[in-house]
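Going by the order they are written in, the chains are A, B, C and D; count residues from 1 in each one.
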């Protein structure tokens, strides 16, 4: 466990970084919710704050008075334990509290948290603070990808920040790494922070497999498009094929065919596709279809976790073939925090790795991210296995 | 036809009043669209401006360059003639152009319009300007009622403006006015401005009828509620009854039952119902059911137009029994302006009168307002006939 | 009022004709409901029977025992007064009662009605019987048009009856009939049977108008299609245009473009379009758009009623411009029968005339039929006015 | 591989048994489709026949002429490779081909199959026949459960067959079986028939676990209901809880609370719940919530496969915690038959075991059944693990 001073610094740095992400925004950008999955930035600012107020200050700071009792109703995400809340699809219908009120609220809660952290604190409180920090980091990533969606679906295609880099490095030459059959250990092992869904370290038996050292590139993905990948039902799941037809999908999210050439919206504005960089903003359905087209498959999350010791990762969230399910001996936390992970363990797929939007100290090779198979607004790509 | 100086004053006063309505707003309030019928205030600001740019400046001011060519896509409402546009339900998903950009756009267009109006202008242009002014006045009313919806559906129930009066006077004592059978003239007659749907003055034969001198009050409407009006299918149209059950309707829009007492959201915030003032925010279905319950009926729009010479009106839009249909010899205007009225003449009901939100010089007893029968966010009430 | 013997004959002949319509069916054809507006034939057989049982036998035949108490639940259409009922969209989900049970039920009720009619009966009962007969006649028409829909949407396009004539005569040469301005009387006048919505004979003032002596033909309608009528938004209501785009409408219902030639499904099977006969299976939206294209309009129901003294009608239900609204002094009947007409008087358009499917003694020039503007499965056509 | 005579017998016996299941039906019962998941019995009769015609007779019987070329359109289920087909939700809208025509079609295809089977046949054809037989067996189970749904949702609640037994034996006393940690082999091993999704026998590492020797009973499930299981969100997945609230779920499918006592529709008609027999007609969501309530969990499909050597099974399909995913080295078949299983491997859960509706020779402990987590119309129950 970190000492309290370190924890306070970690806390303050995290709180501050959330606001740094929002610096380039206009007030209006904080308010809208173009699809149900994308929350307004001011909601993220408020919700991460509410988390500290609701789970820590109200119970552990003597004499604490909440900033505004109605905010619990506005900023609760999905914690049924905590009471009623604004329906998710209505977040973008709320003009109040205003952005400046939300910043006031942040300041108020941050200051009271500092007071709390300067006092001697129990192990329990330290644990809660650490969860709150990681919760906010998780929202930092969503905040950035939600901002991208808000700007990237605006007909004016505004720039978020000039020269923002959405990918790290050019790819190295593609190679297959081979992993032998055998028993492997899966799950979080160290004393560092992790979520409950990574615990229950356990043995799995893996068949021999090969996994690529690098992500699939835009060049490779363009070949899939040109070969009619979006028109060949044999490559798709039945649900995936319905999704392609219903939404008339022809390319990754944010791609525009302009005068016969693929361009895509980036946080720097509209740009030509760089063929050497990893393809991103794919659904699981597209990742699967691409792998089928290459006569390969996606790795399972176990193969990924073992393989990741041997390749570089961190560019993109990578779809795996694994459904999001509890590890053996998985235990939900008590109380409201028990709703953090477990109740989503159906009809979602696991993503492994991290993306350019993932904040520091929030990347680890046991991290289990998860989304519904049709979602594309995260920085999602794929790595082949066979 | 008014002279140009008067027209310029009328134009400037109208442009200015739109902005006056928005003065109490926070920036965030300009952005949201909680239901498809309610447009974001910044959209109204931009759309009324676009109307002048698109239909007048582009065609009649030599050398005019549009402020931003993309704005036509953003601020077109429903003019198919003019080209592609943002889908109506997406207006609240656009954070850009920002509010300050929209005000810049207004200023730019207003200044160019002034330039145009200071030159000698043709009759055609004067007509277009007059339509543009009345179009903006129509949006002034929607702007206010949309603001009410945005604030009144926010869980914080913020005040728009303290002491805003949503009704004019206490009611006088109720009396029945009797109108004899005979031939009457209907439709606009003077040389003043009117919309195309009021033209084609023509004779109608009216049976003898009685019409109330005053609107139904909250007191009377509460009696309807207490007598089980919302639970008695016999009072309702089949479609109305489906609407009541599907949306679990129990009272007019904005009414809240708090500790056994009816309160309602007003632009001054939450208030107790004033029993003596006219009931408002009713759908046509509710107005009809109330009239059935009283063994009366709603007046037709012709009865209303004739009767309105004998009673005071102007408190509330009043639902009539008439469907919105063309008058005999109705002619749509040529070009895009022909889309103003005629294409909505199916499945809507006529409202007559005006409301507290209706701006000056936009009230006349031949005015034909129209909405779908389930809508309630305008200041809509009813007057009985028999 | 007819004497009882005549009434009994009228009753028996009507009951028998309903079954005649069903003679060409396979058992399976009695069961399905391909869209919510189209009821299974066995439901029509049962519902018309239930009407006599529920409104007459239960109250007026001493000692009557209902055939099966559950049938009230199965065969009630929309009478809220009478109690719970199968949701309309579920009628096609019920395999039981079987077709033979429904015929038994018919026989049982018919026999008991005969018993009742052979006794001295009150005026009230005679009135109810007359309504029941006309109710069954109304369903005879729906029965035939529903059968056409069931067979015409089956991929095997089965024949109902060889040589069934869906139109009466070739058209005569088109001429305009002119009717002068003035006061006219509208509504049912004689002592013969009519529905409550035709009563309240009253004066209307009509402007001078012209009305065609003949219906629009397939030839004329093909010209509209070829001229891009379905692609030109200017001809359509806003709601109509949305309907065209959402359902990708390109021709009347039952039309198929086969090898570049229009064919249509008829009760004789698939046939080439006969260019000389009246076009049918149009929605109101299409009828309106066609009239716009011809720089004409649809007649109002009052113009139609007056004009119909001077032209032949009875080929097709004719869309009018009139909304379905109560006549002055309209009074709903007491009790459940009050639900027959009045509660549908919103968002529907009036059709006048009758069709080849309308049974004998169910045609009169004051008859007010009504449907939603998008519906097309009745034999609906149009006549121009100007 | 079975010899051809045996195969012919197996084929004929299977074809005959399908028709035996339908014997108690009225013609009308063959036609309806009350929900999209439930197909009309005549569709099952035709589709299983079409499978033999399309995949075997057309390609392997010299000179074969198809019974009716349109039937491919009508009876294809989901094979995109084979061409266009009736949309699944429209199966219940087709009255034709009639039931007797479908029986003719069956006879025609069965006879031609006999001809083919009496000739010397290749290994490939024998394989296809075997798949066709197992395909028909799979539909035999769906046929029975679909019939139950059709009758059980009819307000008359008709009996399918008196004394039909929906459960096998009373339960034995509940005990926990313990399985030690270690490497186990999973997947089909013998030479007998299996589907492609069972192949790729492979090692898995299992943690130590306990699994119940018996299924959860109605008695236990009633205790869950009485303890407020359907009202306690903590027991449910987020998606499951939404499902409960949206559909107002309060008990398993077919349960009715009558005068305070639970009864359920069975193929013998409405009956009191037998507390000693296994609970059935549960969704995965309900099975999961029940296990949570008991502080247990569902077994994985691997635990089930290993454990099933030690307990009796075959009463009910048992929900497992496993998502339906490909085994390592899973290979889809070539051509249309490759669409049999693989394209459904997303968003479904695995069920293991079999039910009273599962036909002979279609039960094996490696069988992987799969459905969406909200479906309940199969005989689905659960067994606890921990």
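Note that in this section a contact is a pair of C-beta atoms (placed from the backbone, for glycine too) under 8 Å apart; a residue touches a chain by one contact, two chains touch by 3 or more.
The model shown is predicted, which means the values in this text are computed figures rather than measured ones.
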Find out how few touching-chain steps suffice to connect subunit A with subunit C.
2
Need the most distant chain from subunit B, centre defined as the mean of C-alpha atoms.
D
Could you tell me the distance, in whole angstrom, between the mean C-alpha positions of subunit B and subunit C?
37
Can you check how far apart subunit B and subunit D are, centre to centre, with Cα atoms defining each centre and the answer in Å?
57
Rounded Å distance, subunit A centre to subunit B centre (Cα mean):
45
Where on subunit A is subunit D touching in the complex?
78, 80-81, 183, 202-205, 207, 209, 233-234, 236-241, 284-285, 288, 297, 321-323, 325-326, 328-329, 338, 343-347, 349, 373
Interfacial residue positions of subunit C with respect to subunit D in the complex
26-34, 42, 70, 73-74, 86, 90, 92-99, 150-151, 153-156, 158
